[in-house]
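Below, each structure is written out as structure tokens.
Next come two complexes built around chain A: one with chain B, the other with chain C.
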Partner chain A sequence: MASNVPSVPSEGLNGPNSMYIKLIAADGHEFIVKRNLAYYAKTVKDMLESGPVQVKEDEPSVVHLKKIPSNALIVVCSYFAYKHIYINANTMIPDFPIALRDSLDVFMAADFLRC
Partner chain B sequence: MDVFLMVRRKKTTIFTDAKETTTVRELKKIIQGIMKVEPENQQLMNQDGTEVFDDDKPLSEYGLSAQSARAQSPSTVALVFRQENGEFEPLELTPLSSPPELPEVMKPQEPHQQDVN
Partner chain C sequence: MTQGDPRPPPLQHGCDSWWHWSRRHKSPEVLLYARTALFHPNWSHGTAAVRGSRQLNGGVHYWEVQVSQRLFGTAVMFGVCTASARLHANAFVSLVGEDIHGWGLSHKGLVWHGGQGRRYTDPFRENRATTVGVLFDGEAGTLGFYKDAQWLGVAFTGLDTITEPLYPVISSTAAKTKLTLGVTRRAWAGLQDRARHTLLAALPPNPRLLLHALPLPPALRHYLEDDLPPSDTKILPVSAAPPPRHS
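Coming up: the complex of A and B.
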């Protein structure tokens, strides 16, 4: 039986071409984001594309981020969409709000994720 | 116009975007693709749990507009699934980790009255 490798993103979380991927924070919170947005974090992209384990078609694409707490990861996930909109924009770019209490955790997460 | 959403249930948060005109039913189909739960077994509501969303209404009906639901501050929509007994589970959103308390010096300062003798 010939197997077709899909070149379009497949629905949901499963397989190496899934539209969405799951990022798991230190406290177990699970964040599901679109793969193309999460790839703004170079560390996530490298982990999924050239990691030691290849994701099978029926398995979800998951990245465990044991050092990043959920209050920081939620801010990072919002940042991906913000970056995607404004990266090529010529319009005025609005500020990206980060609560003072979260800022250290967010900064360390951004450093680790390279975004 | 695009609206940016966080669909939250217990420890799961789904970041997705939709249009102001997207219906609640269409959003449930997106969730079905990710969570593998039929739309009939999903219920969407505001994060307080005070208003359940009607499948046929557009997201704008529930205050989800491009002005309020931006990429850098997405709006939260709460999700519950139907249980074995046919009833929907109670709304439960697990709180996120708390960052450490700000040290005194970083807290907004109250103006002090100084006595000058």
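Coming up: the complex of A and C.
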């Protein structure tokens, strides 16, 4: 990736209980999101918690999503944030619009990720 | 008695739910046309009921029933029931909730389940048209009612522990009563549900053949077909504009 992208301090990403995790789309785009938000996707939670390989304390928590393009993954990450803000809200909840050009990819991604 | 709490109808941020009164699961004394159920079209010697066409479990659903002016008799009821609840009786009874298979509100202001009734709200004024809203929360396991846009409170809890399919139901003992299904809404069931809605809103009417042509695994195609509206209904796409304010 570009060399001028700021790097996230590794303490935030390392270990099985890190605050952040990294989701990597099929085209290589990396999305760093809070672990509790990404866990709205049951598949991500299962992969990180019950996967065959447990993350070591000095290794980043990374999930490679080889079948999800970045235009869909960015919508999924936005949805995590939207859900977290408005879950249990009593205020008027705004709609979460999905662009038609992304909708089939998002549909397939949400099916795989179970969210 | 209980004073209603005026509030706007729930699930403004949800979507329309495409169910209707079931032609298969009803008493012979119920006639259906469009979204209206006509009970005992000639004279009544018992209780008749009709069930909704889709199960509710796990989701949050809201629907309204417009009751015509002809409101009298032993019990006109609104609620939910399982497939085991009977939909016809040769006696005038509060049918929804006569046993463990139903949970209902009667126009007398009583709520019934397991054959037990208890006071929930004031009796409805007889022979006056009204709109009853039913809010079923399959996640919290609660069932509550609105009357003319007034929230009357939670009537039943523990419905999230029911494993059998639950359906909307209405019943009446009175001849020529008309109950018309109004809005039917449900909460979004996740991102996949929302993406499905965007996809289906972009399709032309009667898109079943088109869906078969899409390169999708059968399970995903069935999931898309599951939310297709009746052929005369157009899905409105979700907009990016903020929802209108309610005064």
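For the reader, a short list of remarks on this structure follows.
Going forward, the second predicted complex is superposed on the first by the 104 of 115 C-alpha atoms of A that agree within 3 Å, B and C clash if a C-alpha of one lies under 4 Å from a C-alpha of the other, contacts with A are read in each partner's own complex, and residues count from 1 in each chain.
In this section, contacts are C-beta pairs under 8 Å (C-beta built on N, C-alpha and C of every residue); 3 or more make two chains touch, one makes a residue touch a chain.
The model shown is predicted, which means the values in this text are computed figures rather than measured ones.
In the superposed pair of complexes, A:Met92 makes contact with chain C only, with no contact to chain B.
Of the two partner chains, both chain B and chain C are touched by A:Tyr79.
Of the two partners chain B and chain C, more residues of chain A are touched by B.
In the superposed model, A:Asp111 makes contact with chain C only, not with chain B.
Look at A:Leu100: by the touch rule set out above, it reaches both chain B and chain C.
Once chain A of one complex is fitted onto chain A of the other, the partner contacts of A:Val44 are absent, as it touches neither chain B nor chain C.
Residue overlap on chain A between the chain B contacts of one complex and the chain C contacts of the other covers 79, 94-97, 100, 104. Contact residues of chain A toward chain B in the complex are 11-13, 19-20, 25-34, 37, 69-72, 74, 77-82, 84-85, 94-97, 100-102, 104-105. Interface residues of chain A, counted against chain C in their complex, comprise 75-76, 79, 92-100, 103-104, 106-108, 110-111, 113, 115. Of all the residues in chain C, the ones that touch chain A in their complex are 12-13, 190-192, 194-196, 198-199, 202, 220, 223, 237-240, 242-243, 245.
Those residues of chain B whose C-beta lies close enough to touch chain A in the complex are 4, 6, 11-17, 33-34, 36, 70-74, 94, 96-102, 106.
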